[in-house]
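Got some structures for you, see below.
In what follows, chain A forms one complex with chain B and a second complex with chain C.
Up next is the complex of A and B:
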């Protein structure tokens, strides 16, 4: 089984293909569940369909056949209906209602599987944990080709999901975003929810063969939750979720094969790892982006502080340079930028550096002047807020502050406010 | 297709009629026997204290909550027959603004009723939606994700979506809640424009002071209709005292009794 890394024999290729089509379908349906904040219902349904499947098999249905799908959809609808009934009718909190409904139904399924184990063609461990490794052995004949049953079912479900979502897409989005306005506009929101419920049930059943009842929710929810971190349009989210699901299926399968462990478990682990990665690298709100922008700000502040302190030194209102490694680095960087030069053993501002420094000091003193005028603060309380705010005041705000406090006034400490530098005035549009 | 606000009865203004409307939430009445006819063109306010049933009245009109009794008609017809002529702006907090759609996506939703099933909004709908965004002053933000807007901008996006629907009658639920003064000014300006085009705008509103200056007509509601008519004649100290009594009314007691089936809790 584990011989030869680059060579993938056809059986493994079929297993991977099966996992990929199933993951794609789950990712698409899951994207709607996740943006509707219904991830937990997805979890509930993936468990609660079990008794429906078992009863359908007892009634003569084949695993993955039409009767079984029907049984699963019926069980899913029953779950949603029971949850709603418990919540609205009996006054139970929604999470508790969901919890009661789906665990009870799942347990009923487990009991049925065990009780009828001898009579039905349904293996409890296969249903609970999936047997992706064996998917390629159970084949059906399609136009002379031997195709794994799981791949056929997954493929048909995927095609059905894609067609259904494409046809009802704009209504689904409207109903998911603003159900009240959608209903008022005549969109059959309840029917669409029922459709989503049925799609969840059917993709879940297709997913049992790959991941089993316990882990299929990972295929349903995690790719969409990951995609949600990375893009901010629903159609991109859905497509990305399908792609993430397919990638994780392939990578997880291959990793499990190499490490000789459970494919379903490894696929779910890969999905979880992908989610953590997305949390780190997500644009805007991701940890990495936040760390980067915080560092960039610190670096800018260090250089601006250095410029302002040198300017004040030349003005004679502050003595001594800043110490510390960051200030040292900032000085070197400013030299390279051409804002600072060394002459006769001393650091001096160049013309460009002076202009930049004046902008910062101007922001600082304008803010002090404005605070002194509008907020009752003792004189020695004005400097710290200005020291921080000076780095965030743009030209527009400076102009408004200057208009309010007046250019000639000077700051509350009696120092002159430097004029808006030529560089900035030239930029006037 | 032409603007349907002008179709048919150019002479008659838009009308909403509430006939003896009673609404109950799971067995407990929250609105009793509201009998009210609102004729346009006008900007009409529905004003009352918290929990008075103002929003419920709008939701009942839109079929979002069932009527326990009575009927509601738009231009003499039931809602199902004239749904696309009735525009709705829900309360801003009722939706998840982190939802992955752009400003333009949301405004386009207003055109879905005319576009119909199985078709996507085309070039014409996009142009018209962009025009609606211009009217609420958000033309520059069409591509932005809706979560990155201020509260006032979000409310204006909702208004633009309603404009995109080209309705004849607009129902707005608390459009001024949590909205900055500039946006309020702009929203009322847009509503004035709609009235000038002959439409009827009904606004659920909580602020009495601005009500006096913005609305042509007002209905005061506190679980029942207290008074309705031209703003100046309705917002009298006597009517306001009756609306904002601040103590449990006999109606609340009765509602509780109905909800518990006569058993005293």
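Up next is the complex of A and C:
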């Protein structure tokens, strides 16, 4: 393999452009499939269009031509119809019904390919992997330009999908999030579903040459599932899914070229990598974000517990305090913050530390007092909930609690409730 | 000549083994379908390809036991990824299944293509795992497949009671102290094993069919789990054998598609013609219900000496009433015979009784709505029916 980037080579550039155009269309359609919980139908259709395509080619259709599109749409409708027939008519569970329908149609397609191998320009590996590497060799002439057929078809499908989605956008959103209400409001939900079915079939045909029957499902579902982790609005999801699909198509193609393997396979691998990345770093819901916020909470609780425990020690109501590495670290951090100081071989709270500790102990005892008054719990059951709540209630809640229980009475254990500190720390409101 | 092709020692051993695989897949699949785990197997199946390729890279030889072990490893990784996505992300079940399936298959395709492109010795046969090809299976491999299949079948028989309980009422099973998570894990593990030993017979893309289609077909014929499992096993074994025989006779034809089409044929016949749940039986029952309703309406009209203003179906029924001696031609139209009048009176009594129940205690009547009743849209005035439907939607 020589060094240098394949982009310089126009054949590679055309292949990449073809993959990107197809991936964009798949990403857009896939975003609707994912939010409408129809991903498995997308999977089923991408398998099941095979017999439709093969029959259309036997009947004289050109790959990617109108007849083949029609055959694919017919096969997709047949899949949905068979699934619905098995589910509603024969009482089969939906996933099993889908499984029966698409494996049968795909098997039929493979047998047709084998039987008419001499007349059909398809073989099993093309069906399964696609032939993206050869996309640039099959060209048509458009206004004097030699443009790959796959790029033309993918581009036309993309334009069609964009126009159809733009025209029906409001209805799509309604149907996606509340199909029952949409139906009651007169939105033709069944027609939208049928349209989505047809769009899936057509993008699948366009994707067939790029990714093969099985991997089209990755192009359809993975970009949308990834985008769903990152954004909350449907229009952003759709656009982001298209962008993710295009990026993965380009990166996957280049990776496959460097590693000398299947472009379709590598595009799926890159898509999977993107999804894993999104799972890790998605804002708010991502694993890293969750770990960070959980750790931040644990760290704050550890320091606050340390302060409260030292305050109680000084009060004479609790001894010792927590040991362990986290408590040790918390003490060190509190020293740096100026809440704790060391004098005469003992840790002591500074004035600032005392004020922070009083806020926590006050929250704790107010909550115990309120629980003791309003919830019939035995005395020894009051501490654990208060131990949690003390870290989470602010000044406003404390004031309401104090007004309700009367702070002069002390907590249910007979201990005084410290007064609200004048200089409680910022952000504790 | 054909017989000679069929009856070599190797072919017979392989056919027996693949038949055993089909049998066990039908049994495991029956439990998986009952537990709604039908498509988890599909994701695992697509995941096997990567393991097969990795095992080939690691051992450098195309020996079935190692390849299948590799397939099992990545199938389990695929299932674990599925569980992880469900537990830790907001991706929903359907998207998670499709995603894991697509990506794991992509990994497999990239590996297999990369290996083949480098022209490693023996690597050409790896593609046979995509669609299945039993011709390359040796008698030793077949013995291994059969052993796995028999083991899986034995596990299904041993755990049938527990699996049935969990499939039908997991909440009750958990409350009664059964380890639901362990039973589920065992079931998913069995599915993964069956998907892997089914690879030579059906290939990664279609092996799900061996798990899903036989139980769906068997379900049409029986209401009981033991007979469901048995029947599903028989269908699976038959379809697998058909796949071996046909793909052995027709060059270039992979085994998987034939197996699937054989399963699908049985399934189609079952869905159409099964005695209770089949489409034909349902249609016949619906027609009977329709006829009974028309008959009662005609009897009521004749009893009240009103004309029967009916369509062709009503007229046909009227002819039958005359033939059975319940009605007879009169000077103007038709009238009831004595027997017909008795039947009309009895039906009027029943109608009045139901009317009383519907007015006073409609909840008691609701239980009988599961009986075959005519479609209201064909019985009630269309405008009125639309109004009632609208009313029933607004009242919870």
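The definition used in the following text is that the second predicted complex is superposed on the first by the 389 of 429 C-alpha atoms of A that agree within 3 Å, B and C clash if a C-alpha of one lies under 4 Å from a C-alpha of the other, contacts with A are read in each partner's own complex, and residues count from 1 in each chain.
Just so we're on the same page, a contact is a pair of C-beta atoms (placed from the backbone, for glycine too) under 8 Å apart; a residue touches a chain by one contact, two chains touch by 3 or more.
Worth saying up front: this structure is predicted, and the values here are computed from it rather than measured.
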{"item": "Combined model on chain A: chain C and chain B, fit or clash", "value": "clash"}
{"item": "Superposed model, chain A: greater residue contact from chain B or chain C", "value": "C"}
{"item": "Which superposed partner A:173 touches (first chain B, second chain C, both, neither)", "value": "first"}
{"item": "Partner chain in contact with A:237 - chain B first, chain C second, else both or neither", "value": "first"}
{"item": "Touching partner for A:221 - first (chain B), second (chain C), both, neither", "value": "second"}
{"item": "Touched partner set for A:88, first chain B, second chain C, both or neither", "value": "first"}
{"item": "Partner chain in contact with A:37 - chain B first, chain C second, else both or neither", "value": "both"}
{"item": "Which of chain B and chain C A:186 touches, first, second, both or neither", "value": "first"}
{"item": "Partner chain(s) touched by A:131 [first = chain B, second = chain C, both, neither]", "value": "neither"}
{"item": "Contacts of A:304 with chain B and chain C, given as first, second, both or neither", "value": "neither"}
{"item": "Superposition clash, chain B versus chain C, among 5-13, 59-67 or 149-157", "value": "59-67"}
{"item": "Shared chain A surface residues [contacts with chain B and with chain C]", "value": "37, 184, 228"}
{"item": "Parts of chain C lying in touch with chain A, wherever the complex brings them together", "value": "33, 36, 38-39, 42, 46, 85, 88-92, 94-99, 101-114, 117-118, 127, 130-131, 205-206, 208-209, 212-213, 215-216, 219-220, 250, 252-254, 256-261, 263-264, 267, 271, 277-279, 282, 393"}
{"item": "Residues of chain A that touch chain C when the two form their complex", "value": "34, 37-40, 42-43, 47, 85-86, 89-93, 95-100, 103-104, 106-108, 110-111, 114-115, 117, 124-125, 128-129, 184, 212, 214-215, 217-222, 224-225, 228-229, 256, 259-262, 264-269, 271-272, 275, 279, 285, 287"}
{"item": "Chain A contact footprint on chain B (complex, rising order)", "value": "26, 59, 62-64, 83-84, 86, 88-90, 94-96, 99-102, 105-106, 109, 112-113, 115, 117-118, 120-121, 145, 147, 161, 165"}
{"item": "For the chain A and chain B complex, residues of the former touching the latter", "value": "35, 37, 88, 167-168, 170-171, 173-174, 176-178, 180-187, 228, 231-234, 236-237"}
